[in-house]
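You will see two complexes here that share chain A, one where it goes with chain B and one where it goes with chain C.
And then the complex of A and B:
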């Protein structure tokens, strides 16, 4: 890997971070809305008596933070600085909790859910896809799994509603909502871990169900290509066992483009996971976002948007950088 | 027409009866037929709904809330007192309209960008390519959220379409540009260039007709993507609150926890229509893919 490529990729990452912060800053301002004003109107329409100290505190923090008396370019520079330090301001609905605190609480849930679901669907999908291209696959693999491709056309959170109805409402095998039982206090213990697992199975499964088709399709077409290669013919001529040819010769070479697919699908997957969390009231970033949208909590919305865009870009950067380690044929070289 | 160069070599000369040929081809392309049938089912549902219900039935407090399906209300009523069949009759076309409007804008912009950058190359191509490469790694839903919260006041169905259209050009630009790069090297394009046709003439008279099946396939995909994006935004609560679109119906279902309350008749119709719509569009795009890419035609 050359230094040139490394620098180019890192520059791209910084550019995405910068663009994300910039649209966060300019879009809401362009429409000329005042989040504090809106929040107060919402509270008044709900008949809530807002104490004047609270309002004064909010406005003071807000003005000091964003220096609204300063010229626009000054505010913009300040904003970029704040974003770079992950300082997203305070939540309007949960004043004085900072947005960063709320996100810190939510992130482990989302990452856990996404990681589990992605790994499971990647593993199953890749193996199934490889088997489907392999002429010697069992009959049921080649007949049942194509149905999953149709599922991948349907948004996963809707699949979630159906799963929830069948496995939590009709037959209460799994809980209806949340990330852990309400009577439990989050702690590091076996019982709590099992409780979390029970709550995670359905949301994870709805992501897995929708994604298997995506991975299987990619793997199938790669396997078809690989099967025509000379080294497969040579392996067969050597009289190697079928399973060895399948795993060591065919799959190992076909799996590499799947890693690129993993990086490219990340954005779509995370958008879907946010909606799955909303359907399952799972305590991750998606639920924080839903609460924020309901409460006109602008700084929280902006924080979530910035953080998710940044983490997707960062993960892609990491995948791109470790890719040459996985595939020795790849050299990042500038011509 | 789509496959001129290969058609001359392989297929018999086109028969006089093109309509019959088209129909025969449709009969072979099962995915396309199945997809069209599913969409037709949705149209039928809306037509029946509009005969049976009155638009006023889809207003809040029109009836007793949360009633299960009955002879009077075929799909029951929701928590807000609307007749669900009337809601669906009004909302289904609205959601489709959002998809078609945003998809059309996306494909138009995408086609123009793809042909100009792909055919002419140069600095404009570099900018387009980098923009598409960078933006496609960003989760679209989150960018759309920022745009949606910036819309002041209540959102209309048209505004919803325009918000979704903001990123709808990315996919078409990327896919079509790659195709333009391929066919730019084809002998017939070179021939046209030698015979003195100008760039725009070549694009409009030679390249666009040849890529038409491809553009149509991309169009269907982009409609489906736009519907998906609009449903996501609406489910979060960033949609036209006054409208009864499918996504807003899902939003109210989440808001009133219809699942836990056992109001299955409220959440199942929008999901059924959405599933039909997506699977239908998916099958159509598969069928069109086969048409656009003759190498996939196994049953010819």
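And then the complex of A and C:
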């Protein structure tokens, strides 16, 4: 890999971020609606007594931030600068909390839950899928697991509801909702960690159950293809041990497309869990987004969208940079 | 089917040792490889595809045997049966494959695994994809050594691999390369280096030169010949190019529809093939630029191996076919220091060489 390529690839990433910010800027302006006005109307229609002090502060911050009295190009430059600093403005519903603060609070929950669940389902699914296609694998692996994968036909939010009903409602082994118990204050302690873990098990399990089948089926079909390759026959002709052929010849090659899939799914981590987070009232980005959509909280929505695009673009960048290490046939040159 | 009893097969395999074809053999030596009445079927939904039907064969130490025949006649199946690398739906229905007196078909999986590379090695048909694309060449050879109990340091392994590569005409830096960095010819050389890594007694090479260009084909064959001489291994070469084969082999076995129909020393079969099929096959010897058109020179199609005709399988295409050819199956019998399965040369009832046979062969 050349430095040229690296620079080119990083430039691409910045370009994507720039485009995302640009769309974020012009989209609401094209709609011709004023989010602040809308918000106020919504509150009034709900009969909420909007204290004039709060409204005045909100409008003032809003105008100062976006300089609505300035020409459009100036607003635009301003906006890009803010985006580059991850300054997404102030939440309308939770004034004066900034969007950045809300996201900073929510991201660890989402990433923690989704990353763990995705990695677990990837690891189990890939190994099981590989074994399912391996003629010499134990009989029970090849018969029991496929039955297990019928769960994958169930969407994971539905799986979540079923798990909640059984293990939190019928037999209250696990909590019904939340990322931690309401009476606890987030802190770094053993007790709090265990509490978080207890809250994570059901949502994580519903994701893992739903995803294992996806990884396993992908891996199985790749393994079937790879086992027909001449290098597997040659490996057997070399008198290699089955385990070596399995890991270093068959799995090692079959896993390459899986890793691309993993990168893509990690990239959508932020947006991927929205439904699960809603079902389990989990305090992640998904729940933040849901609240924002309900409350016409424009700036929060924009922040989340920008973050999602950025995280997808970033994982693509990372996978592009590490892929040549996994597959020596891929090497990047500048043409 | 199953016309030769094991006893008969044994006698016949033994009598093959009387062949004068072989430069290296001593008349009382036991054959290195002895295949007795081997039957291999592919069990498909439509029925059993009889890819190998009753092959008997003996190969002596240091001998080079070429197997020829039209595509689909069972050469690869036979080669893979020797390696015991056939996959379902293939099934070895009956027979024995004795390598240095040991029946490979009776070994357990682990014994067979150890026999591969150590006793019998395979050079595969497709040089292009026979190497693991994500591993360096040296690591792919080291794998084979390690799984046969060799525990050495990386440096020692590397020295060994360097000399293996030099023996097949490759530079030492190839060791650190990945397969996609090599040409087809280089890959096939790596294949040969790997096959000789543990000095096996037998090397099975299944069309090692297919998909290579003509010049490279000759180089690869020359290298294989040199390796054979240096290691003293016996070689079974599956091939279709009679030009290359004549340059390489001591003996030629001609296969047709899963059967060995003629087994002769190379000089003699080139001079005058006995079996009518061998005769037609040899008329299609390619010109030096590698062009050939075998399908034109042998009219008709090989039989479907799923429902084979009675009598001689070649009868429908045979220019010399006689009335009893479609009823009585000819078996491989000795004839004038060679072996042939054809009624032209043998009395149908006794299996003895027929007195009129020579008269009936066209000049």
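Definition applied: the second predicted complex is superposed on the first by the 301 of 335 C-alpha atoms of A that agree within 3 Å, B and C clash if a C-alpha of one lies under 4 Å from a C-alpha of the other, contacts with A are read in each partner's own complex, and residues count from 1 in each chain.
We take it that a residue touches a chain if its C-beta (ideal position, glycine included) is under 8 Å from a C-beta of that chain, and two chains touch if they have at least 3 such contacts.
This is a predicted model, so every value here is computed, not measured.
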Legend entry - Contacts of A:231 with chain B and chain C, given as first, second, both or neither: second
Inset, instruction - Scan A:300 for contacts with chain B and chain C and give back first, second, both or neither. - result: neither
Inset, instruction - Mind working out whether A:285 is in touch with chain B, chain C, both or neither, as first, second, both or neither? - result: neither
Inset, instruction - In the overlay, answer first, second, both or neither for which of chain B and chain C A:240 touches. - result: second
Inset, instruction - Quick one: classify A:114 as touching chain B (first), chain C (second), both or neither. - result: neither
Inset, instruction - Identify the partner contact of A:157: answer first if only chain B is touched, second if only chain C is, both if each is, neither if none is. - result: first
Legend entry - Which superposed partner A:267 touches (first chain B, second chain C, both, neither): first
Inset, instruction - Return the chain, chain B or chain C, that is in touch with more residues of chain A. - result: B
Inset, instruction - Pick one for A:329: touches chain B only (first), chain C only (second), both, or neither. - result: second
Legend entry - Contact footprint of chain A on chain C as seen in their complex: 83, 85, 87, 113-118, 121-122, 124-126, 128-135, 140, 143-144, 147-148, 178, 180, 191, 194
Legend entry - chain A-facing residues of chain B, complex: 134, 136-143, 145-147, 149-152, 224, 228, 231-232, 235-238, 250, 253-254, 259-260, 262, 264, 267, 271, 274-275, 278-279, 281-282
Legend entry - In the complex with chain B, residue positions of chain A that touch it: 12, 15-16, 19-20, 23-24, 27-28, 30-33, 150, 153-155, 157-158, 161-162, 164-165, 169, 176-177, 264, 266-268, 270-271, 274-275, 278-279, 289-290, 293-294, 298, 301-302, 304-305, 308-309, 312-313, 316
Legend entry - Residue ranges of chain A in contact with chain C within the complex: 135, 229-231, 233-241, 244, 248-249, 252-253, 256, 326-329
